[in-house]
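Chain nomenclature is as follows: A, B, C and D, assigned in order of appearance, with residue numbering initiated at 1 for each chain independently.
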Amino acid sequence: MRHDLKAIIDDIVADMRAETERGTVASYIPGLASADPNRFGLAVVTAEGEVILGGDAETGFSIQSISKVFTLTLALGKVGNALWDRVGREPSGSAFNSIVQLERENGIPRNPFINAGAIVISDVNLAGHRTGDAIGELINFLRYLTDDGSIVVDPAIAQSEAEHGYRNAALANYMRAFGNLQNPVEPVLASYFNQCAIEMTCHQLARAGRFLMLDGRHPGGGQVVSPARARRINALMLTCGHYDASGDFAFSVGMPGKSGVGGGILAIAPGKASVAVWSPGLNANGNSHLGTRALERLTTETGWSVFSADHN
Amino acid sequence: MRHDLKAIIDDIVADMRAETERGTVASYIPGLASADPNRFGLAVVTAEGEVILGGDAETGFSIQSISKVFTLTLALGKVGNALWDRVGREPSGSAFNSIVQLERENGIPRNPFINAGAIVISDVNLAGHRTGDAIGELINFLRYLTDDGSIVVDPAIAQSEAEHGYRNAALANYMRAFGNLQNPVEPVLASYFNQCAIEMTCHQLARAGRFLMLDGRHPGGGQVVSPARARRINALMLTCGHYDASGDFAFSVGMPGKSGVGGGILAIAPGKASVAVWSPGLNANGNSHLGTRALERLTTETGWSVFSADHN
Amino acid sequence: MRHDLKAIIDDIVADMRAETERGTVASYIPGLASADPNRFGLAVVTAEGEVILGGDAETGFSIQSISKVFTLTLALGKVGNALWDRVGREPSGSAFNSIVQLERENGIPRNPFINAGAIVISDVNLAGHRTGDAIGELINFLRYLTDDGSIVVDPAIAQSEAEHGYRNAALANYMRAFGNLQNPVEPVLASYFNQCAIEMTCHQLARAGRFLMLDGRHPGGGQVVSPARARRINALMLTCGHYDASGDFAFSVGMPGKSGVGGGILAIAPGKASVAVWSPGLNANGNSHLGTRALERLTTETGWSVFSADHN
Amino acid sequence: MRHDLKAIIDDIVADMRAETERGTVASYIPGLASADPNRFGLAVVTAEGEVILGGDAETGFSIQSISKVFTLTLALGKVGNALWDRVGREPSGSAFNSIVQLERENGIPRNPFINAGAIVISDVNLAGHRTGDAIGELINFLRYLTDDGSIVVDPAIAQSEAEHGYRNAALANYMRAFGNLQNPVEPVLASYFNQCAIEMTCHQLARAGRFLMLDGRHPGGGQVVSPARARRINALMLTCGHYDASGDFAFSVGMPGKSGVGGGILAIAPGKASVAVWSPGLNANGNSHLGTRALERLTTETGWSVFSADHN
C-alpha cells in the first residue's frame, strides 16, 4: 500500500482545498482570527524517512496546544514518573469539567493535555530557570527534533494570549492555592503563553513527531525517550489529545493525535508515519474541521489506525 | 518473537500464581464474593489460530461488564450508527460522573461501557423481544463467536444482581424520564442483569474476541462486522473500557480492553491476538489486579501495544 | 394596620383576577394540565382567628409539594431529631443538584422539601404501615389541623403521578442503593404519589398552617408541636421551601412558605397569620406566578415580612 | 422579657467563658492564627437604644466576611437593583459549589456573601476610585453607622490575605474571563483583601448593624437605606449568611446573621436588637463555635427568632 501514499495524499489535499464547509477560525485573539480559512497543509514523514508534503505544508502557523506534547516529553525527562503525582492520566470527561475537576481532585489536573495539566508541566519545566530560559530550552528541543534551527515564538501571539488569559490565570492561581505550583504564577503563565505561540509548519511538526512513531528513537541516531515512554506518550495522545472529543477522534481516526486551536493536528501511526495537518477552521469541539476529516481519510486508505489488523 | 509466546505466557502465569498481593474480591453479591482469589487464568488466541492456555483458563467465571462488548456489537448490527443518537462515545471522566453526567446531558449516557450506556443498549436489543428471547439472542451470538454451545447464564448471579440493582434501577428510571428508554424499565433491567451473569472461561472469552483482532472477520469464515466497525469497537474499548481507569490502562497496557467486576478482562491486539485473563481480586479502580499486571507484562514482552512501533 | 386587612386582600384579589400575564400551567400530567389559569384564590387566617377569603378560596386544588410540610411534621413526631441523620437542613443550591447532590453526599438528601428528602420522609412515615394506612394517617392529621373532615386524595392525580414518576423512581432507587430507604421502593413511592395528590382549598390550607403561626399551638387547644419545632419548620420553609428560588422568595416576600406545582403556596407570618394562595400558572421556577406576586403585595402592605421591624 | 435582658446576657457570657470545647482558630494567615481562643465577647444594642456589653465586647478583631454586609449595602446604593444582573440571590448549596457554580452559571456568583459575589461587589464599589479611595469610602461608611471614628484596617492582616489569596485570585480571574469584572483584577483583589482586614469590636459591630433592625433607619436620624432594602439585606443574611451552614443557622438560631472567619457574627432581630458576638474558635463549617451557641441561647431565651410567634 505504501507505494500509493503520494497519490492518496495528493487526492486528500485536492479534495480538502476544494471543500466549501471549512469550520470556524478561532477568534479570541487577533493573531489567530486573521488566519486564512482557505489554507490547508499536510505533511507525512514515514518510518523509512520518506517525506510527502501537500498544500500549505511549508507555511507556519501557531501550534498552540500541540506544544503540550513536547513540554510533557521534556518534563518527563526532568522528573520522570514523579510527574504523575502532580498530573493525572485520565481523560477529562468534558471541557466543562476543567475547573470543577480541579476542585474535586484537590488541584491535580486530570491529564497533561488539558490547560491545567499543561500549566503544571510549565511549572515543572520552569524549575531553576527564568521564563526566557525555559522557552529557550523548549525551542532548542524542537530544533533538535526537527533538525531545523528556524523555529521561533511569535511574540505578538504570546502577548495576545497573556492579555486574554484570565481563565488560565484562574487555573494557575487555583492550583497554586492547592500547592500544585512551585513557582510564582506569573512566570509559569508567561512560559505557558509563549509555548502556545510557537510557530511551526506542517513539515516541521511531522519531523518533530518522528520519535513517537519510532519507539522513542531520533532518526538521526540515539533515543529521545525510551520505547516505553514513547508508547505512553502515544497512549496519552490517544485518550486525552482532543479534549472532550478524544473518544470521537479515536473512534473516527484511530491514531494518537494532539490538536491545537490554531488548526494544527499532529498524529502518529506507530511504526508507520508521523503526520501533521493544518487548516485553521475549527469544528464544534475546537479541533481543525478539515484536519480531522483529512486524517480520517488518510487512516482509512492507509490502514494506519492502531485498531486495524492490517496495519502490519 | 512469536515463537517465544508459550514461554512468555508460562512465566507470567507462574509469577501471577505466586503473587501474594491479589486485590479484593467483589463483595456486593454472594455469587461474586465466594470467588477464590487464588485463581488465575490466561488464554491467548493468535491471529494465526494458535491457542495458548495457562492456569485456570478453562474455569468459568461471571463475565459481568465484558458482556457490554458483545451487546454493543449486536446493537450496532440492529440500528447501526443511529445508536450514537442515544449513547455517546466519550470517556466518562470519572465514576462519579455516572449519574451527574446523565443529568447534565439529558439522559444520554457518555459511552456504551458505563452502566447507563449498557442499559440503553439492552433497551435497543430488547426491541420486539421478550427478555428471555433477548438473552437467548446474546447467548447464541456468543456461541457463534466461540463455536462453543456450552455458554449459559448463571441464574443465581442474575437473581442476586436484580436484588442488589438499586443503582442500576435508578439509572434506568432516570433515562426513562428523559425518554431514552423505549421499553418498560423492568424487562430492560432483567435483560441487563442476565447478560452480566453470563459465565465463560478465559478460553471461551479469547475465542469470542477473535473477530476484533481480525478486522471483523470470523476465523471460521465471513464477517461478524465490517472492518471499520471492528476498529471502532476496539477504539471504544481503549478509551472507555476500564471506567475511570481507562486512561491508565491505555498508558500501562496499551491494548483495547474491557474489564468486568468478576475479575475478567478481554484485551485485543489487532492483527496479533485476542487475550482473556481472569483473577477475581480487584484493584482500587474495580479492575482485576493481577489481570491488569499480567496484561502489562504480556504487552511489554510481546510488543503488542498498539502504541509500539515494533508491533509490526 | 390590621383593621384594613380585608380591604388589602380585596384589592389584591381584584388585581390578580384582572392580570393577563398568568404564568404557565404544569403540563406533565393531565390532572394538572386541565387546571383553569384564570383561577385565583387567597385565604388568610389571623392569629386572632379572623378568616378572610378572596376569589376561589373555597375551590379545591392539588396541593402537591405543600404536603411536604405536613409529612415532615408527622415524621418529626415519630423519630424526632434522629430524622436529621437521614435528611439535611440546607438549601439545595439548584434544581440541577438534586441527583448530583445525592451522589456526592452518599444518598442523604439536602433537605426535606426537595423530592429526594420528601421520599425519605415517606419512608419514615411508612414504617410499620401499609401504604393505605400511611396515607390515612396523613389525611387524619390534615383533618385534625383544619377541623375539616372532607379532605381526600384525588385518585386520578395519584395514578397519573405514578405513571409519570420515573425521576422520582430514580431518586428512590438511588437512595435505597445507599441504604437510606428502609422499606421497599414501591410502597414508599406509592405513598409519596398519594400525598402529592391530596386536594385542598385555600381556606383549608390556611387553617392547616395555623399551628406554624402560633408557636406550634392548635387554635382549638393543645400543642401540635413544641414552639421550638414550629420555629424550625418555619425556618426550613424559608430557606428551602421554593427549590432553587428559595432565596428569591425570602428576598421578595420575606415569609416562610412552601409552594406546590399545582399553583398553591402556604405562607406563614409567625404570630400574625397563616396564608394560602392559589393560581395554577407557574413562573420559570415552577412556583405560582400570581401567587408569588400576591404574597409580595400582601407582605409589603401588612408589614408581615419576618425581616421587617414594624411587624410587631 | 426585655427587663431580664442584662441577666440573660450575663449568664450566656459566663457560661461561654467557662466552656472548654471552643472550636479551632483559623490558621491560614498568622494574624488570625494568633487569636486567643479563650476570648468571648457579646454586644447587644436594642431598638430602644439600650446597650448591653459582655465579656470582650470592646476588644477589636478582624471582621473578615462580615464586611460583605456593608459593601453590599454600599453597592446597592451605587447601582441599585442593577446589581442583581451580576450577582444572584440564592444560597450556594455548598462550599464545593463555589467555582463549579461559576462555571455552570457563566461567571455570575450565586449570592453576594460567597467570596465570588463579594469580589464582584468590590468591583462595583471600586468603579471610578483607586483602591485606597474605595476602602476609605467603606471605612467612612462604618464610622457613620457606628458614630465611631476609630475604625481602621489592620494592614498586616490585609498583607497576609493578599499573600495567601490564590483561591480568591482564581475566582477573580475566572469572573473576569466571563466579563463580570470591569476593573483589572489586581485593584479589585486589593480592595477585597483590605475590607476583610477591617478591625472592629463587638460593640462597634452591633452599632453598625442598627439600621438593619430599624427598617433602614439610622438611630441618629435619617434613612441609611429604604425599609424594603433593609428587609432584603436581612433576607440575604438569613438565607446566605453562613455559607453552606446557612440553613442550619436559620434552623438553630433563627436570626439573619453574617459570620466571619475571625470568629465574629453579626445577627439582627428586626425591630428588637442588633447583636454582635465574637469567639475566635470555629466549628466545622467555619463559623464561630461559641458565637453560634451563644446566639442560639440568646434567641431561645428572648424569643428573638424571626420564626417565633412571641417575638412581638
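General observations
Please note the rule applied: a residue touches a chain if its C-beta (ideal position, glycine included) is under 8 Å from a C-beta of that chain, and two chains touch if they have at least 3 such contacts.
No experiment lies behind these values; they were computed from the predicted model shown.
Among the remaining chains, not one touches chain A and also chain D. With contact taken as defined at the outset, chain A and chain C are each touched by B, D. Ranked by how far their CA centres sit from the centre of chain A, the chains are topped by C. If each chain is reduced to the centroid of its CA atoms, chain A and chain B end up 31 Å from each other. We define each chain's centre as the mean of its Cα atoms; on that basis chain B and chain D are separated by 56 Å. In whole angstrom, the spacing between the mean C-alpha positions of chain B and chain C is 48. Contact of a single residue of chain A with at least two other chains is seen at positions 96, 104. Contact between chains, per the stated criterion, is found for A-B, A-D, B-C, C-D. Looking at the complex, you find that chain C touches chain B at residues 96, 98-100, 103-104, 166-167, 169-174, 176-177, 185. Chain B makes touch with chain A in their complex at residues 47, 88-94, 96-97, 101, 104, 110-111, 213-215, 227-228, 230-232, 234-236, 238-240, 244-248, 250-251, 254, 256, 270-271, 300, 305-312.
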